[in-house]
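As structure tokens, here come the structures.
Next come two complexes, and both contain chain A; in the first it sits with chain B, in the second with chain C.
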Partner chain A sequence: MTYYLTTLGVYAGVDIIACLALNLQFGVSGIVNFSFIVFQAAGAYTAAVLALPPDSQNGGFQHYVFGAQLPFPIPWIAAAVVGGVLSVPVGLVVLRHLRVDYQAIAMLVLSVIANLVITNARPFLNGAAGLSLVPQPLSDRFNAYSPTYLWAYVAVTFVCCALVFFVSQRIVKSPYGRTLRAMREHELAVTALGKNPVVLKMTIFVVGGVIAGLSGAILVGFITIWAPSTWLYPETLILFAAVIVGGRGNNWGALFGAALVPVGFEEATRYLPQFGPPGLVPALQWVAIGLLIIGFLWFRPKGVLPEKPGRFAAATPVVGARLTKEPGVS
Partner chain B sequence: MSPSALEPTAGSAPATGTGLGVAPQPMMTVRNVERHFEGMRAVDGVSIDILPGRITGLIGPNGAGKSTLLAVLAGTLPASGGTVTFDGTDITEWPAWRRARHGMIRTFQLPSEFAELTVLENLLVAAPNHRGESLRGALLGRRYWIADERREVARARELLARFSLSAKESEYAGSLSGGQKRLIEIMRALMLQPRLLLLDEPMSGVHPSIIGEIARYLEGLRDGGLTILIVEHELHMIERLCNPVIVMAQGKVIGQGSMIELRRQREIVDAYLVG
Partner chain C sequence: MSLYLAAFGFGLVSTSVLAIAAVGFTMQFGISNMINLAYGEVMIAAAYASYGLNNAGINIWVSLLGGAVFGSVSSYLINRVLYAPFQKKGTALIGMVIISLAASLMIANVLLPIVGYYSVSYRQNVGPTFHAGSIALTGVQLAIMGLAIVLMLVIHSLLKLTRLGKAMRATSANPTLARNCGIPTRRVIDTAWLITGALCGVAGTVAGMNSDTFAVASGAGFLISIIAAAVLGGAGNPYGAMIGALLIGEVTEISAAAFSPEYKEVAAFAILVLVMVLRPQGLLAKRGTLAAAG
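Here is the complex of A and B:
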């Protein structure tokens, strides 16, 4: 039971972090990043190979690069860095010249290709079988299977959630976030007002990549396995569904959507009795995700918790009087 | 009425209006500029000078290439040929955002409001040199940029009051009427304190009383030294505000001068100034 609850907690935290990142990219800035899960995977693989011992040490049953066996915070930090660094070439190629609809297609294709490449390039990250026996953080000092450790892991996950939420709020409520929203609404007009759209898109794309990389590290440190089957492109669609249902552009919405769609939805359907031919229930899950996205875009496009406009203290009629309250997005 | 705090910062001399004596150095020179759309020459070898401190009119029939020329000058469309210089610098290859930062600001013929931002936010987006507008500034937090924000909010409200839109400041720009969206567009441009303002039909769909307000305001800005290029079909306004006026047809400039001079030219009257 402890194991089940803590697993649920870590998954919830990771999904919240991922949804916050996707909200910055897609909800706030309008970047349709259909390859989001690739950046989470990059973080997970990075953290895994930096924590694992050299692959010769475990009987050679899996093959991978590095095997650096680095102590705890380093693999996580490196995962975030790799998520950000990987965003640079992807962003420069996809976001600079392509039209938005082609950007979405390019991202989707990238996600599929990246998965195929990793699956088939076995010596790199152990191919389709993936990596297993990834050491948990600090498992050399603590018993990684004790309830205390598991709950502490959940706590650390939620601290990371809080940190990411804090950063996301600072961005969304700032003039920078306002300019990103304006770019989402009308890119050419923003350009004509002297804003460089490449800089705007690249900065937020890299921020999203850093957060995605971190989310991957948190997840792999807990589940101790990572394989191409854990980051197929439909995983990104679930996150999109969460952001759309929760409310594009609203961090609280991303949080709510993450709790509702990836966590609540998948958990709820897990206990459905098996019926029909094998594979029917998972297939129906996808149908439901699709219906959820279409239904919300149709009936409630702004989501459960819509984006809030900036609120500013009322202008005081007295000339020269100071504003009574600080202006800002509420 | 002087536009007080909204005055452009550039200290160029006001228009002399006489046209005698030493001709002023043009602010923008356009030479043989072309813009093709799959072989169609929307702008076909245009050469004009835009003189500082004046309101230059650009008129011509539908499809003459006025908006395309304006876009090429503002950099929102690249030129297919020719050169554009600004203050003596060749800016032909500059992207639009870089031109905007040097004071060349355009508005759009079609509504380009940020629909899901409020009216006030629409204006604030345009604020130049805001400390909170970089990722770094955002991460440093509100205390780092709040002074800039207060200053820009005050400036934006001053503009909103001038164009009688104060009551709408908290509404989504997407919910405004067509004429109100025009005003947003103009106010957004003015937030940047431009040196050269390129306006594409700023008065279409705007109520006559507000048109008068816009005209008075533009005259005030001109007298403060701002240079303006305005595309407009409303010839009374062109006559009142603009000197010189440039006439385009089928991608080419077919005449320029004061409105009085243009009315004397047979072929221009035939092409455009019917009646």
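Here is the complex of A and C:
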């Protein structure tokens, strides 16, 4: 029971962190990052190979690069760094010239191809079998299977959540966040005001990549395994569903969506009786995710907790007053 | 060298399959101004529809017609029930692309419980093998190439010689202006989805005939090559898609011979990245069709 609850806690935390990052990219800035899960995976793989001992140990049953066996905070920091660094070339290719749906398909294709390459290139990150026996952080000093350790891990996860939430809120409320929203609504107008949309998008894309990398590190440190089958491209769509349901552009919405869709939805359906041929229930889950996205975009595109419109105390009445007094306007 | 010649021969077959698929995909983009990410899954669904007929003892070429009808009707329905209402509502491109990805996942997961996870293959007589130097192709493969050439000529005649084709090109270029000129755009768009859906169904079935086996999971791989071919040629342009299909088809087969067949799609991906960096509007498109604000 402890193990179940703590696992649920860590998954919830990781989903919340991921949804916050995706909300910054997709909700606030309008970047359709269909390869989000790749950045999470990059962080997880980085943290794993930096924490694992050289691959000749353990009887050499898995093959991977590095195997640096570095102490705790370094793999997590490196994971965040790698998530950010990987975002730079991807962003430079995708975010500069392309229309928004081209950006989306480019990222989708990247997500499929990255998974394909990692699956087939066995010596790099152990191919389709993936990495296992990843050491938990500080497992050399504490018993990683004791309830105290598990709960402490959950606590650390939520501290990271709070940190990411704080940073996200600061970004959304800053003048920079306002510019991002303006760019999402009308890119040409923002360009005309002297802002460079490519720089704006690149910055938030890298920030999102850093957070995604961190979320991967947190997850892999707890579940101790990581394989290509855990980061197939549909996983990104679950996070999109969460952000859309929660409310695009609103960090509270991302929080709510993360709790509702990946955590609530997956957990609720876990206890459904398995009926029909094997694989029917998971397949229906995916259908339900699709219906959830389509239903919300049709009936409530702003989500459960809509983004609050910006208020400017002085400016709004002045504009309104002038419009009503204008003689020509009827 | 003979290895590469043989790969060139297989490349011609891949090109044929890809050309049928990519022309349908790119015409959907042209006429509805949206990327239909469910295309690969509709292809697979149509391939399974043909498989159902084929498995019941019907000849594969007759089953192919069944696949075409299935692809046609289901593409029409997806557009009429899902895409067109959202577009009428004014959903932005960003929303449309998410909707089409959601549709793609839903089709795949409705299909999975029905047909299962395992790979299947058609009952077909591949016919005698024809040799030309190191190129060796089966009768079926040659027939697929012939079919592709015929279909390309049909599409060309449709677009350039008929009133419907003219109306489609007009709707694709400027829907508002076309409507104001008295073209019934809604009906033109519906017809376009029926035609492109038929291409999609044929493409799915011939893809299954060309490769030994296929499964629901093949959809994503199809989609990548199709996207690469369509974007390379200039999205929305059927002739561009044909050239794109030729380049992508040959490059994937030759790279499979040179490196490893597992990385087939990686070559398509590499070309896609190069195109997006160097010439995002594609080979045949006019400059500026892909401006960020458009």
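Keep in mind that, in the parts below, the second predicted complex is superposed on the first by the 310 of 330 C-alpha atoms of A that agree within 3 Å, B and C clash if a C-alpha of one lies under 4 Å from a C-alpha of the other, contacts with A are read in each partner's own complex, and residues count from 1 in each chain.
Everything below uses one rule, namely that contacts are C-beta pairs under 8 Å (C-beta built on N, C-alpha and C of every residue); 3 or more make two chains touch, one makes a residue touch a chain.
Note that the coordinates shown come from a computational prediction; the quantities given were computed from them, not determined experimentally.
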Answer with clash or fit: chain B and chain C placed together on chain A by superposition.
-> fit
So, A:167: does it touch chain B (first), chain C (second), both, or neither?
-> first
In the superposed arrangement, which partner chain does A:39 touch: chain B (first), chain C (second), both, or neither?
-> neither
Looking at the overlay, does A:307 come into contact with chain B only (first), chain C only (second), both, or neither?
-> first
Please work out whether A:193 is in contact with chain B alone, chain C alone, both, or neither, and reply first, second, both or neither.
-> first
Looking at the overlay, does A:256 come into contact with chain B only (first), chain C only (second), both, or neither?
-> neither
What is the contact status of A:237 with respect to chain B (first) and chain C (second): first, second, both, or neither?
-> second
Now for A:287: first (chain B), second (chain C), both, or neither, which partner does it touch?
-> second
Kindly classify A:64 by the partners it touches after superposition: chain B alone (first), chain C alone (second), both, or neither?
-> neither
Classify the contacts of A:99 with the two partner chains as first (chain B alone), second (chain C alone), both, or neither.
-> second
Distance in angstrom between the closest Cα atoms of chain C and chain B, superposition on A = 5
Under the contact definition given at the top, report the residues of chain A touching chain B in one complex and chain C in the other.
-> 188, 197
Residue ranges of chain A in contact with chain B within the complex = 167, 170-171, 173-179, 181-182, 184-186, 188-197, 203-204, 207, 307, 309-312, 315, 323, 326-328
Can you list the residues on chain B that touch chain A in the complex?
-> 74, 76, 95-98, 100-101, 105-106, 108, 112-118, 120-122, 124-128, 130, 132-135, 137-139, 141-142, 145-146, 148-150, 153, 157, 166, 169-170, 172, 188-189, 192
Sites on chain A touched by chain C in the complex | 30, 32, 34, 93-94, 97-102, 104-106, 108-110, 112-113, 116-117, 120, 187-188, 197, 233-234, 237, 240, 244, 276-277, 279-280, 283-284, 286-287, 289-291, 293-294, 297-298, 301
Within the complex, chain A is touched by chain C residues 34-35, 37, 82, 85-86, 89, 91-99, 101-103, 105-106, 108-110, 112-113, 116-117, 220-221, 224, 227-228, 231, 235, 260, 262-263, 265-266, 269, 272-273, 276-277, 280, 290-294
